[in-house]
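Presented sequentially are two complexes of chain A, the first with chain B as partner and the second with chain C.
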Partner chain A sequence: MKKYLTVFKISWARELEYRLAFFLGRSRNIIFLLLLYYVWLSLSRMTGRFAMYSADELAAYVFGAHLLRSVVFGSQTREIAWDINNGNFSNYLTHPVSHFWYMFWLQAAQRALYFLSAIFELVIFVFITKAHFFRQTQWQLLLVSILATVLASFLYFILTYVVSLSAFWSREAMGPRFLFEWILEFSSGSFFPLDILSKNLLAVFQFLPFAYLIYFPLKIYLGGWNAGQIAGGIGIQAVFIFVFAALARVVLKRGLMRYSGEGI
Partner chain B sequence: MIIQVKNLSKTYEYYKKAPGIWASVAGLFHREKLYKKAVKEISFEIGEGELVGFLGPNGAGKTTTLKMLSGILYPTSGEAKVLGHTPWKREAAYQKQFALVMGQKNQLWWDLPAMESFILNKEIYEVPDAEFEKNLNELVELLDIKDILDVQVRKLSLGQRMKCELVAALLHKPKVLFLDEPTIGLDVVAQKNIRDFVKHYNRENKTTILLTSHYMEDVKDLCKRVIIIEDGEIMYDGDLVKLIEKYAPYKVLKITFERDVEKSDIDRFGEVMEFEPGNVILRVDREKAKNVAREILSSDLPVDDILIDEVDISDVVRKIFSNGKDNSLKA
Partner chain C sequence: MKKYFRVWKQLAVMASESYMSNRIEYGSYFLGKIIRFCFLMLMIAAIFSHTGNMAGYTKYQVIIFFLTSFLIDTLGQAAFRGVYLFREDVRQGNFDYTISKPLNSLFLVLSRLPDFLDVIFIFPLVAFLFYAFSKLDIFYNPQLLAYYPVFLMLSFLMVAGIHVISVTLTMWTMESESFIWVLRNTTFLSLFPPEVYSGSIQLFFTFVFPIIVIFAFPAKVLLGLLTLKMALVALAMTFVFFGGSLLLWKTGLKHYSSASS
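Presenting the complex of A and B:
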């Protein structure tokens, strides 16, 4: 375990080494925050509501999505495809480390840093705009939404890990990865609550793992679900994690059979 | 035996890629699969503490063999045991006992000082604090890199980087070390520094080392035994000196004259390899070299100096490669 904590620490050092890239990455998220906040503010200004959400709930959703995007979505697994294509993947095969956990802790380090930054940005934003937003006071719901967020972060990591492993079969894994990320961002509910869409579309989304990344934890925070729905959702998150973890294991094993360490 | 390789083979699959845009479009629908036998049923054994040179031209199968022995690749067929482990099972117990250093590949964290990578390796290999301190100090002193430990790896010269790569690889005191072109791209001084270090380390720690290099100086300086591989097959496995004796059954006489001589005056003594009026290099049968030298000295030629020398190992290896396996030798 100590080795992965060292990976975590070193990853922070690396993130902070490239301060411009860090600030640019955060700027993108701040632009999203501004855009979404003012879009939803203007849509709910007339009646004080939009669909089944009050203006304060929508503001809370936008702020929550800003935090969750930072803690759930990561770019670390993009490196996997790159490593497979240029032979750097060999480094993990010759050292007594698990590639999966090594990458997980790299991602966790990056996410932790981005999360702290996102909190700081939100505090400044709310202070400047004096924005109103819904505050959940039930500690049970807060705790469960934190648990759902942790599971969402893990699920996202495993999903993108499996997609990145496709580089064992194709050197063009980055193309599908970008397409996957766009679909994922849209259908995860990071731009809007998914239940403002048609019921049929929502039903489709609820069968996909993406809805459990942003929409599900935020809906728990907003108090939109009863205990049974929450337990069911967390169970689905756990099942998806289990299924994709098993898939990752199989894909990695088969991929390694094909791996030729090109580039070294 | 530390390394045992038996009938090890590796065949790569790849796709035919004809040039041109239309061929690329056609390739979207149909691709012809091709096979390349990179390593063909090779067998060898290496004992504890041996430092063996693994030689061969580009594409001969050297790196593929090293990749299999370090667990990066699965073989197509055959067996290998290193320290009693099958490398491609990637057992942690094996990974903690060997290291692979690739001259063309960076294993250190590029954006951070090398020291960060050393600390990470300490944790990865679970090296106790006291042992880490001791090993690090020893390696840093031997390689003289104290001043660059806190400099980002990307800012180091190639030679400095290779020294740091070696430190990172040796901190856990591996019993087996695979060195793939460790001096590639380095200037002659840096090459010599790395060679001296490898020689010293092998002698002091009895580490078993398998070295590939394109620089014959590395091999001449470090390896008593060489394995020559070409087109995936082992052509020679044995003593470097015997390779010369067997494959180069001649020596060279380097003669300096006090005044100019004619070529016709000396070509009766052997094959003239190089001729300048005052300097001649002759090639003569190995067994006759002493007698021929004696004859030249006792002739009326104005000899100033005469030196009996071995042929250059580079020439021998080059000749083996150029002749192909028809001339393969077994030690």
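Presenting the complex of A and C:
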């Protein structure tokens, strides 16, 4: 565990070393915050509601999505595919670390830093715009939504890990990753609550793992679901984590059999 | 001029060969762009399934803003993809070879990698624009249609200016490649009518970082909503912005130290 904490610390320091890149990198999330807040505000301005949400609930959803994008998606690094394509992956094979956990802790530092930055950005944003938003007061729901967020963060990491490992079979892993990220951005509910879509589309999205990354934890926070639905959703998250973790294990094992260290 | 066209043609042939040899990679990028477009359209459709207007605009007016923004972004991507390779060129010292060639170095930097995937994407975008325009409940005005490409051209010049500023900053500080990503991300703000935002944000993105001028003004012209005063402002800003970016590039080039070679 100590070595992974060291990885965490190094990754933290590395992020802070390139400060301009860090702040410019955050700009994407700040821009999405501005866009989504004002879009939903303008839609709920007339009646105080939009679809099944009050203006305060929509604001809470946008702010929550801003935080969750940071802690779940992190910096959406493409490092793993790069390492495989450039032969740097060999370094991990010769070190006494598990590549999976090494990358997990590397990205955990980025996510922690991004999360702190997102809180800071939100505080400033709310202070400037004097925005009203729904505050959940039931501590049970708060706790469960935090648990769902932690599981979402882990699920996202495993999903991207599996996609990145496709670089073992093709040098062309960046394009599929780009495609994956766009599907994920929308179907996770980071732009809008998925239940404003038609019931059929919502059913399709709920069938995919992405809806459990942003939309599900935020719906718990907003108190939109009963205990049975929450327990079912947490269970689905756990099943997806288990399935994709097993898949990652198989893909890594098979990928290593093909890996030649090309590019060193 | 003929010489530059010949060089661009050769660069385009090389880029297309690169795309053909990386079919999965570029096919996925293309599919990603289509999915992004479809999802954003889905978002607009979902919004208008619950309401009749957004900041005073109807569905097809909002779609005109969205498509115009997408079109200008795509035009910029199609023409100036080379910007994304510039940081590595400076870092590895390859930019020295660019400077030493008997061609305008800015032309080579910007047009090094024409993006055909974006060029292909332009055609359906234009078709969608015509469709959305035909759905508008306004009297057909040929003058508006004639002004629209003029304002698209002004926007294209401003986008070129932003790319020039980006490569100049990359030349100065190796970290600033992210500047172009700030622009790319900021274009998201222009997917919807500017009236969605508060007055101060509209002012900032009109006169300081002119995203609204670039992406929303052409749509406003097409909808017949741009005043003559604001049209003149757009014209003046284009000349100042584009001219300023060229001056900045020249200054940057004079101070380029070739430190990495």
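Operating definition for what follows: the second predicted complex is superposed on the first by the 261 of 264 C-alpha atoms of A that agree within 3 Å, B and C clash if a C-alpha of one lies under 4 Å from a C-alpha of the other, contacts with A are read in each partner's own complex, and residues count from 1 in each chain.
Heads up, the rule we're going with is that contacts are C-beta pairs under 8 Å (C-beta built on N, C-alpha and C of every residue); 3 or more make two chains touch, one makes a residue touch a chain.
As the structure is a computational prediction, the values presented were derived from the model and not from experiment.
I want to verify the contact counts: of chain B and chain C, which reaches more residues of chain A?
Between chain B and chain C, the winner on chain A residue contacts is C.
Looking at the overlay, what does A:Leu197 touch: chain B (first), chain C (second), both, or neither?
A:Leu197 contacts chain C only, not chain B.
Between chain B (first) and chain C (second), which, if any, makes contact with A:Phe50: first, second, both or neither?
The second partner, chain C, only.
Does chain B (first) or chain C (second) touch A:Leu68, or do both, or does neither?
After superposing on A, A:Leu68 lies clear of both chain B and chain C.
Report for A:Ala21: first if it touches chain B alone, second if chain C alone, otherwise both or neither.
In the superposition, A:Ala21 touches chain C alone.
Could you tell me if A:Pro96 is touching chain B, chain C, both of them or neither one (first, second, both, neither)?
Once the two structures are laid over each other on A, A:Pro96 reaches chain B alone.
So chain A touches chain B in one structure and chain C in the other; where do those two contact lists coincide?
Chain A residues touching both partners: 18.
Which residues of chain A touch chain B once you look at their complex with the stated criterion?
That would be residues 2-3, 5-7, 10, 13-14, 17-18, 87-88, 90-91, 93-97, 256-257, 259-261, 263-264 of chain A.
Under the touch definition given earlier, write down the residues of chain B that touch chain A in their complex.
Listed in rising order, the residues of chain B that touch chain A are 12, 63, 67, 70-74, 90, 92, 95-96, 98-100, 102, 104-105, 107, 109, 111-112, 116, 119-121, 123-126, 152, 180.
Enumerate the contact residues on chain A facing chain C in the complex.
18, 20-21, 24-25, 27-28, 31-32, 34-35, 38-39, 42-43, 50-51, 129, 170-176, 178-179, 181-183, 185-186, 191-192, 196-198, 201
Would you tell me which residues of chain C are touching chain A in their complex?
22-29, 31-32, 35-36, 39, 42-43, 46-47, 49-51, 54-55, 173, 175-176, 178-179, 181-182, 185-186, 188-189, 191-192, 195-198, 201
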